[in-house]
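These are the structures in question, set out in turn.
Look at the two complexes coming up: subunit A is in both, with subunit B in one and subunit C in the other.
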Partner chain A sequence: MLGIQKIAHYLPDTKSWNAEKKECFDIDDDFIENKIGVQCRTVKNEDDNTSDLCVKAYHELLKKIPVAENEIECCVVVTQNPDYNIPHTSAIVHGKIGLSDNCACYDLSLGCSGYVYGLSNIIAFMQMNGMKRGLLFTADPYSKIIDMQDKNTALLFGDGATVTLISDEYEWKPVTFSFGTNGSNYRELICDDTLYMNGRAVFNFTATTVPKHIKEMMEQKHLNDADIDKYILHQGSKYIVDTIRKRLGVDAHKVPFHMFEYGNTVSSSIPMILEEELDKPENSRMVLSGFGVGLSWASAIIEKK
Partner chain B sequence: MLGIQKIAHYLPDTKSWNAEKKECFDIDDDFIENKIGVQCRTVKNEDDNTSDLCVKAYHELLKKIPVAENEIECCVVVTQNPDYNIPHTSAIVHGKIGLSDNCACYDLSLGCSGYVYGLSNIIAFMQMNGMKRGLLFTADPYSKIIDMQDKNTALLFGDGATVTLISDEYEWKPVTFSFGTNGSNYRELICDDTLYMNGRAVFNFTATTVPKHIKEMMEQKHLNDADIDKYILHQGSKYIVDTIRKRLGVDAHKVPFHMFEYGNTVSSSIPMILEEELDKPENSRMVLSGFGVGLSWASAIIEKK
Partner chain C sequence: MKATIENIKTVIEKADVRGDVTMMRSDVPISEQGVDSLDMANIFLLLEEEFDVKIPDEDLALVQTIDQIVEYINSKS
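Moving on to the complex of A and B:
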């Protein structure tokens, strides 16, 4: 059996402040605080590519726990902003970290549902192939593709990366996963040259689909709200997190909100919150849920060992 | 238990003939027939994107076997030439085929090792999540990125796509998989704007790494050449297929060579051969091996049910 042993993250020091863009976009403090919930966005160094963000997250992991590079048997990067399309970014990270020749590497192309998918994917792949230690990276620096004149996206997305150490010496294990796709509406969130998001359509899809999806998953496992200590939702915006929470009928203290000081970090948003919540003694069972690009959604229930 | 039930492929009708490029690239018939082993390359219609090639392969599958779209629970596309980077191509295929909302979709970014990785990945993911029917697509149309003045790549790569129906009503099942990565040499095969390949370096890596890798995998399963009916190798070039075969010490009739009439179709090369070999009564156990971009390699042993 494999699960999550430890999570670490990297956030760039450079910040872009939305307060400085009030005039330009005709927005006020209420919009910043309660609608998007992003005071400032983290922006990567221009020289840093996606693989560099992963390596920086890995160095943060090493500060928390020793990792023997030659024991890592699997390295997965979840991204839709790779260094190049050819080769996969996981191979570049493999080279930069200095992993062994026997390590399997692949990228998963998914957006905001990517961490939940990635968790299921790497654990399943490693278990089937008898692997014991692996690294699951998320890094999707949207600063590479955002049109800074587009109000729908320019105030929202922050750069960052996370790494999750998957191991047979795990602290938390997955109990169940559930996935969904609505591919016919893929054009609502798309990047040809720069990112386009139909905020209203994505909001409506999320508000309609995700709470129902989470409830169904819990019902299938005969769990109700009293059995869940935290709901770790993808941080799409303050408004969407609040909306899902209300539709689930869940107390605010059970739904951490984190993005105010860095923005929507796409597939990194869930593991950035999870990193803190894993160690809190009051948590023994949590729901995770990611949703967005695709359109795609994925939820999981995880339990303390 | 899940395995391979059926495979289908799509190859474009348009062909580009290497005989017409002899003068331009200063090559002769021996080079065409024995070095690269590509008489002509298939080239996709300009209007067709990667997802369209997948859909065309899917329509070929429907000619061979009925598929209930609402029973497909997982749809994976292996590609490094997606329609867009955002969203994943599997979501677009999902929409075009009309799969159900309950279907999990993700792309795997891998090159010539992608089919073997993909086979292990989708089977592991589906088994862990209790899914019974899935589609594994490969489609990597290099015509999108090839510099037609570059002798190293302009004569070699063909467009195509395959789809593998993964099911609990399988005909062939995987016995073992083995994976490897040498990320520090990723620059030998890379696409920034157009494809660059250091043919010599990639050849040397393959000739050194792959035969040893296959032998080790067989030894671990206590199998020798007498136990293997066919070796399905990625069709990198005639010269590399011949070299691996000789270093394995295997008879030519056990190593099908297919690419003469369509070229190197990247992650589609193995399933295009496998599609034919699955149904031959003389085959009961086969080795698969893919290698290339990353640098990456992956091998498997599969057995008839």
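Moving on to the complex of A and C:
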């Protein structure tokens, strides 16, 4: 059996403050704090590419737990903003970290649902191939593609990266996954040179699809709210997180909100919160749910060992 | 269900907007009465769910005031 042993993250030091854009976008402090929920966005160094963010997250992991590079058998990077179209970013990360020649590497092209997909994918791949230690990276620096004149996106997205150590010495294991796609609406969140988001369409999708999806997954496992300690939702915006929470009918203390000081980090938002929540003694079972570009959604239930 | 000024205001209240919804004027755009763009998206979704109608993006200009919403929904049902 494989599961999550440890998570680490990297956030750039450079920040872009939304308070400086109030006049430009005709917004006030209440909108910044209570609707978007982003005081400032982290922005990567110009010289750093996606693989560099992954490597920096890996160095943070090494501060928490010793990792023998020659024991890593699988390296997966979840991104839609790779270093290059060719080759895959995971190969570049492999080279920069110095992983062994026997390590499998591949990328997963998914956005905000990417961490949950990645978790299922890397565990299944490793178990199928008898592997014991792997690294799941998330890094999707949207600063590469944001139109800074577009109110719908310019105030929202931050850069960052995470790495999850998957191993047979796990502390948390997934007990179920559930996935969905609405490909007919793929144009509502799309990048053709710059990012475009139809805010109303994405809001409608998340408010109607995600709570229903989470409830169905819990019902299938015969679980109710009392069985769940935390709901770790993708941090689309504060308004999105609050809306899903209200429609799920769960208490605010069960739904952490964490993007205020860095923004929406796409596939990194769930593992960034999970990193803290894994070690809290009050947590023994949690729901994860990511949703966004595709339109795509993925949820999981994880349990402490 | 037939739309009225009162039940439209009840839907707007469900969106947890700032201010006293009962004091809202029905002939002034909702967005000019302290309701931001995110709340507007939520109000339109709640209206669609409550009255079982679709309000496509191209019709949004027709539903800016409470009076317009009442007329729009009643014309659809």
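By definition in this document, the second predicted complex is superposed on the first by the 305 of 305 C-alpha atoms of A that agree within 3 Å, B and C clash if a C-alpha of one lies under 4 Å from a C-alpha of the other, contacts with A are read in each partner's own complex, and residues count from 1 in each chain.
Operating definition for what follows: a residue touches a chain if its C-beta (ideal position, glycine included) is under 8 Å from a C-beta of that chain, and two chains touch if they have at least 3 such contacts.
Note that the structure is predicted; figures quoted are calculated from it, not measured.
Contacts of A:A57 after superposition: neither subunit B nor subunit C is touched. When subunit B and subunit C are set side by side, the one touching more residues of subunit A is B. Within the superposed three-chain model, A:M286 lies out of touch with both subunit B and subunit C [touch as defined at top]. After overlaying the two complexes on the shared chain, residue contacts for A:V93 are found with subunit B alone; subunit C is out of touch. When both complexes are overlaid on chain A, the residue A:G199 reaches subunit C alone and has no touch with subunit B. In the overlay built on the shared chain, the residue A:N81 is in contact with subunit B alone; subunit C does not reach it.
Shared interface residues of subunit A (contacting subunit B in one complex, subunit C in the other): none.
Across the complex, subunit C meets subunit A through its residues 18, 36-38, 41-42, 44-45, 57. Contacts from subunit B toward subunit A in the complex involve residues 75, 80-82, 84-96, 98-99, 101-111, 117, 120-121, 123-125, 127-129, 145, 177, 179-186, 189-192, 195, 293-296, 298. Residues 27, 30-31, 35, 198-201, 203-204, 207-208, 237, 239, 243 of subunit A are the ones that touch subunit C when the two sit in their complex.
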